[in-house]
Amino acid sequence: ADKIRVAVASNFTGTIRKIAESFEKSTGHKVILIFGSTGKHYAQIKHGAPFDAFFAADARRPKLLEKEGVALPGSRFTYAIGKVILWSPQKNYVDIEGKTLEQKEFRYLSLANPKLAPYGKAAQEILQGRGLWKGLRGRMVRGENIGQTFQFVKSGNAELGFIAYSQVKHPGESVEGSYWKIPQSLYSPIEQQAVLLRDNDTARSFLSFVKSDESLKIIRGFGYGYYGIE
Amino acid sequence: MTITARFRIKRKNFVLDVDLNLPGKGITAVFGPSGCGKTTLLRAIAGLEKCRHGFLRVGDMQWQDGKHFVPVHQRSLGYVFQEASLFAHLNVRRNLEYGVKRVPVSQRKVSMDRAIALLGIEPLLERRTNQLSGGEKQRVAIARALAVSPRILLMDEPLSALDLTRKQEIMPYLESLHDELDIPVIYVSHSLDEVVRLADHLVLLEEGKLKAAGPIGEMLSRLDLPLAHSDDAGVIIQGIVAGHDDDFDLTYLDFPSGRFSVARKALSVGHAVRLKVAARDVSLTLEYQSNTSILNIFPATIEEIIPDGGAQVMVRLIAGEIVMLSRITRKSATLLDLKLGKKVYAQVKSVVLLT
Amino acid sequence: MGTMVLSESDLIALVITLKLAGITTLILLLLGTPIAWWMARTRWRFKFMLEAVIALPLVLPPTVLGFYLLVALGPHGPLGGLMDWLGVQRLAFTFTGLVIGSVFYSMPFVIQPLQNAFTAIGNRPLEVAATLGASPLDRFFTVAVPLARSGFLTATVLGFAHTVGEFGVVLMIGGNIPGETQVLSIAIYDHVEALEYGSAHWLSGGLLVLSFLMLMSVYLLNRRFSVVQS
Amino acid sequence: MGTMVLSESDLIALVITLKLAGITTLILLLLGTPIAWWMARTRWRFKFMLEAVIALPLVLPPTVLGFYLLVALGPHGPLGGLMDWLGVQRLAFTFTGLVIGSVFYSMPFVIQPLQNAFTAIGNRPLEVAATLGASPLDRFFTVAVPLARSGFLTATVLGFAHTVGEFGVVLMIGGNIPGETQVLSIAIYDHVEALEYGSAHWLSGGLLVLSFLMLMSVYLLNRRFSVVQS
Amino acid sequence: MTITARFRIKRKNFVLDVDLNLPGKGITAVFGPSGCGKTTLLRAIAGLEKCRHGFLRVGDMQWQDGKHFVPVHQRSLGYVFQEASLFAHLNVRRNLEYGVKRVPVSQRKVSMDRAIALLGIEPLLERRTNQLSGGEKQRVAIARALAVSPRILLMDEPLSALDLTRKQEIMPYLESLHDELDIPVIYVSHSLDEVVRLADHLVLLEEGKLKAAGPIGEMLSRLDLPLAHSDDAGVIIQGIVAGHDDDFDLTYLDFPSGRFSVARKALSVGHAVRLKVAARDVSLTLEYQSNTSILNIFPATIEEIIPDGGAQVMVRLIAGEIVMLSRITRKSATLLDLKLGKKVYAQVKSVVLLT
């Protein structure tokens, strides 16, 4: 049995664990998962990190790696599409159309740093679309990544925030609090892409496994979208 | 004004347990062997060593009584520590100023300049304290304690690192303190010589207990105390200046039963003085002898003879109204057939003028 | 990686950082000095426990510590609840919150050197000062503090530098609000994460040079006034 | 969220952490002691510069410092290049690399307290030891070291605790590889990021209790052997 | 064996510049006012103070010569510092052991137990050093220096915090050191008394310069040195034990021109001794006087009379082959019509037996 190392964006932690588990069960190979921010992983990969595959939180870094000749050409694919929601742990706080943004006297709105995280960029687009981006400046708290963004809201320090649907959606459970599921049309799609970094069979077969139906079900169960599937 | 002190301080191998009544004037020497508790006593008086049921009254100031305890910094005292204790972060001048600044101007009786001049530390003022010799440090520490114009001065072997010349410069000043400032000085010393020279009063400690206390003269001539057997045993005699001899630079001192000639001192006629007559400086003859270099000869009667070691005896004499001690060999005593009541002549080779 | 001029927000972050580090260090010294003094003097039997407690925040990764602080400061947390009850503004995402977090985290770097320095002084100089008429407070300031100078220097340098470089705690409870709680360390981090290496180098370089100059002057000054031991 | 038993990888992370902190502290003491000693004794004019340099790593956010270390240790970096040229294994993403990074970062916490403690001793005890026939090395170990005990204690505690809690540097040059370079601080962080609060609480709590017990014993021991100043 | 030392050490306000030749045996006292450079000299000899062009040879050991410099720890010396300098991290016993352990067993001539017993520190052995009194610390420091069986002993005012009794216990031991160990002792002291009692040789320093050096007897009777004008001025006389008087517990000491009777000492007949005769203890008479308690009376001839202050004169006498000093008042000198060549009787009230 082989051992591969796969670097994965933190927001995908729960999902990939499930997938890796069933991959290990069916093949007997071992998958070592390394979680972290996509920016850090990118820097590390460029400086020789011993990873076999890379599951980024965006499409930009995998593309860069491909262009720079670090990733294997042609191995890049979108493994999940993130969905953004506006969420509050309080019941009936966020209405289903997001009017809350204009109406409620909240103190802090949490979102991911648009510069670093695609979810943040999406949030920016949504707010800009409604003409709220400038007006909310001093009331926006920015997480370094989507995990932190969630913690700001979850701990109650920010009343609401733009988070990933996958963070509150657990397979077979209903979502706590109140949220507005934002139509895909309001922001550019959050493609999370993966690339192969080292050419070996186990890694290749793991990537294929991620594309399998079995994995797809898991990915959707955690609240991610997939190409052409809402 | 008196000082009443009662302390009981327990340590692992040591207990200080004293009940003292000291005069509130003049210099009181605390004397005793190493480790007998002198420093501990001084610290207790300063308030540095706390004891629960202590009692301390210095003149009209009640510093300690059961629970009532005046903290050290509110006691107007000067303390010269046994070990060098200058502030390392201040230079010499600032060490001196440290205390002075904390005394209200109205209570400053000793000027800093005076203390500096007295201890000859003028050239050291801008030095760091680690650039001083041992004796220099000690002088700075004394000056610092003096400069706060304290109501009582506590000195723990302040002169131990000083040479004789320096000591002889400082001692008269200490002596004059009670004339000028009228403050009591409690003075720890190992040197009986120093003690005899300086002190009015003596406290003898032994293993944390009071062995004896009293005026220095009395203590020195008490044959039951170890002092009388030391090299420095002797008596203190009160006298007054009777006149000067300009030809020979002598000063005449009259005491109740005679006259001493001593090297001239700048004292006015009538001034009261104290003389120390050491037992070893007194020899005895049966007849009055002329043609001797000894000027001070007094008729006396033998009052007591006690052995002083195997070879020597201490003879207690009455010369008129005063007591003198003479230390001579037993052989001489036998040869001269000395016994109680016998008339002799006491030849005093030299005397020390104390004040 | 090309050269990039620093943005205005970077400069603001610098100002905020210096302000944060300055205030934090000040508070640390004000708070740490009496604690260190007490610890150096007391004969309390259980002092060793307190000593352990003070060093404890260090062992948690700053982000995690920040997370717990965030939870504590949130509406369901003990501190946040207390604040609400008192009608005081909540502290998360405010500059004050940053200060509190930094103070908490950098405390051991200030207390320990101070405590050592105070212990090294011994009783004698204080006794001497007392006999010279200095009250406890007086002798603390005029004897203990100057004699503990090197301890204060170390405490200040470690406290200040550590706050400047601190990042995890600050990120978590600050919310990275530009102009308010975005400090330089986060700004640099953001640049690195966003692959803006040029800006990162400039900022890091500037910070290093600035810090070096500051530290150097401090040490140079120290040398001038140093108490030479013999 | 609920309660979760600690996974095997968490336990491994604990072991790695203790090993890392132990080795790092040891190296810090071995390296820092002579430097601190030299700095306490020398009258070199430019000592203040060196003092500033030693405190410098502190002002950079650990992740950024880690990033630069990574660059330096990577194949294109000066150190990495040197390593390659020497035919030695590269240090990034290895345990050795972690140790180097931690040593670098925690250095000031060790050197400063030691330097203070050595300075406070003064010359006299060393002179006395010399007159009693002790060679420079002998008197260093039998006089300077015991008299600087509290400095060593502080250095050890700060160095150890800081390494345990360190995270940014370690994450960056270690690569968070489970079983190899994943330390506890990162494991906790991962749990928090993955919203596995249960595990995070358990791990943090365990770490705190463990650290508290260790610190407490150290301080308790210290009390027993302490040199009472008079 | 001799000690040759040449040092030039510059400080801001002070220069030590000496070129010394000291005997490699016995006790050499370094004497001089506070700040004159005694400690600096001692430190230079120990190697604690470095000077570039110094030279130091102790017997057959070349410790310093231009660039060649034996580091302190390789010099076999014992050093008693002027200020308490016990290791704070070790208890008393371990302080003592610190030095002993570093001496090869074959070179251990003074046992630790012996040093402990001598200095009476047995009960203190398990104490921490901060639980000692000032004098106790000093005793431990002396014991520690002795216990390394050094080839030379350097002592910076080692007895300053000790009481007379204690001093008198330690001094004979120090005196005996050169009999037993044959090691030179260089001894800084402010107390001329102590110096006279102890030293064989005297080095007089003044402002960093050598003022005079020589055997103690010679130095004390040299009227051009300040010593002769101090209270302790006097002469040292070599003699031998001639016999004992059992009846009166006396010992007879013969010297070239006479015989002294002193309190009995446990010395065998024929033993060489040194006596100090202080000038203030010698009185002069024109005729031989009997019926006096003074036993030691010698015919003498006046050799020199010099003024000693306004009131006193110092008379230099030749009694047979030896010199004596007598301090008397100018008045007495005039009354007795003393002049050069006149025959007188020197009455010696007391003498101090040095060895």
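Just so it is clear, A, B, C, D and E label the chains in written order, and each chain counts residues from 1 on its own.
Definition applied: contacts are C-beta pairs under 8 Å (C-beta built on N, C-alpha and C of every residue); 3 or more make two chains touch, one makes a residue touch a chain.
Since the model is a prediction, treat every value here as computed from it, not as a measurement.
Listed by label, the chains that touch subunit A and also subunit D are C.
Chain centres here are means of the Cα atoms, and by that rule the chain farthest away from subunit C is E.
In this assembly, B is the chain whose CA centroid lies farthest from the centroid of subunit D. The geometric centre of subunit B is 61 Å away from that of subunit D, both derived from CA atoms. Our note on geometry: subunit B versus subunit C, Cα centroid distance of 57 Å, whole angstroms. Computed from the mean C-alpha positions, the centre of subunit C lies at a distance of 19 Å from the centre of subunit D.
Taking each chain's centre as the mean of its C-alpha atoms, subunit A lies 91 Å from subunit B. Counting partners per residue, subunit E has 83 as the residues that reach two or more other chains. The set of subunit C residues that touch two or more partner chains comprises 67, 124, 186, 189, 192, 229-230.
The multi-chain contact residues of subunit A, meaning those touching 2 or more other chains, are 40, 43, 148, 151.
The set of touching chain pairs reads A-C, A-D, B-C, B-E, C-D, D-E, using the touch definition from the header. Taken together, the subunit A residues at the contact with subunit C in this complex read 37, 39-40, 42-43, 61, 64, 107-108, 110, 113, 115-116, 138, 140-144, 148, 151-152, 155-158. Those residues of subunit C whose C-beta lies close enough to touch subunit D in the complex are 47-49, 51-53, 55-65, 67-68, 108-109, 112-113, 116-117, 119-124, 150-151, 154, 157-158, 161-162, 164-168, 185-186, 188-189, 192, 200, 204, 207-208, 211-212, 215-216, 218-220, 222-223, 229-230.
Note for the complex: subunit C touches subunit B at residues 124-125, 127-136, 138-139, 142-143, 146-147, 149, 227-230.
Chain contact summary for the complex, subunit D toward subunit A: residues 63, 67, 70-71, 73-77, 80, 90, 92-93, 171-172, 175-179, 182, 190, 192-196. Across the complex, subunit E meets subunit D through its residues 46-48, 71-74, 76-79, 81, 83, 85, 87-90, 98-99, 102-103, 128, 130, 144-145, 148.
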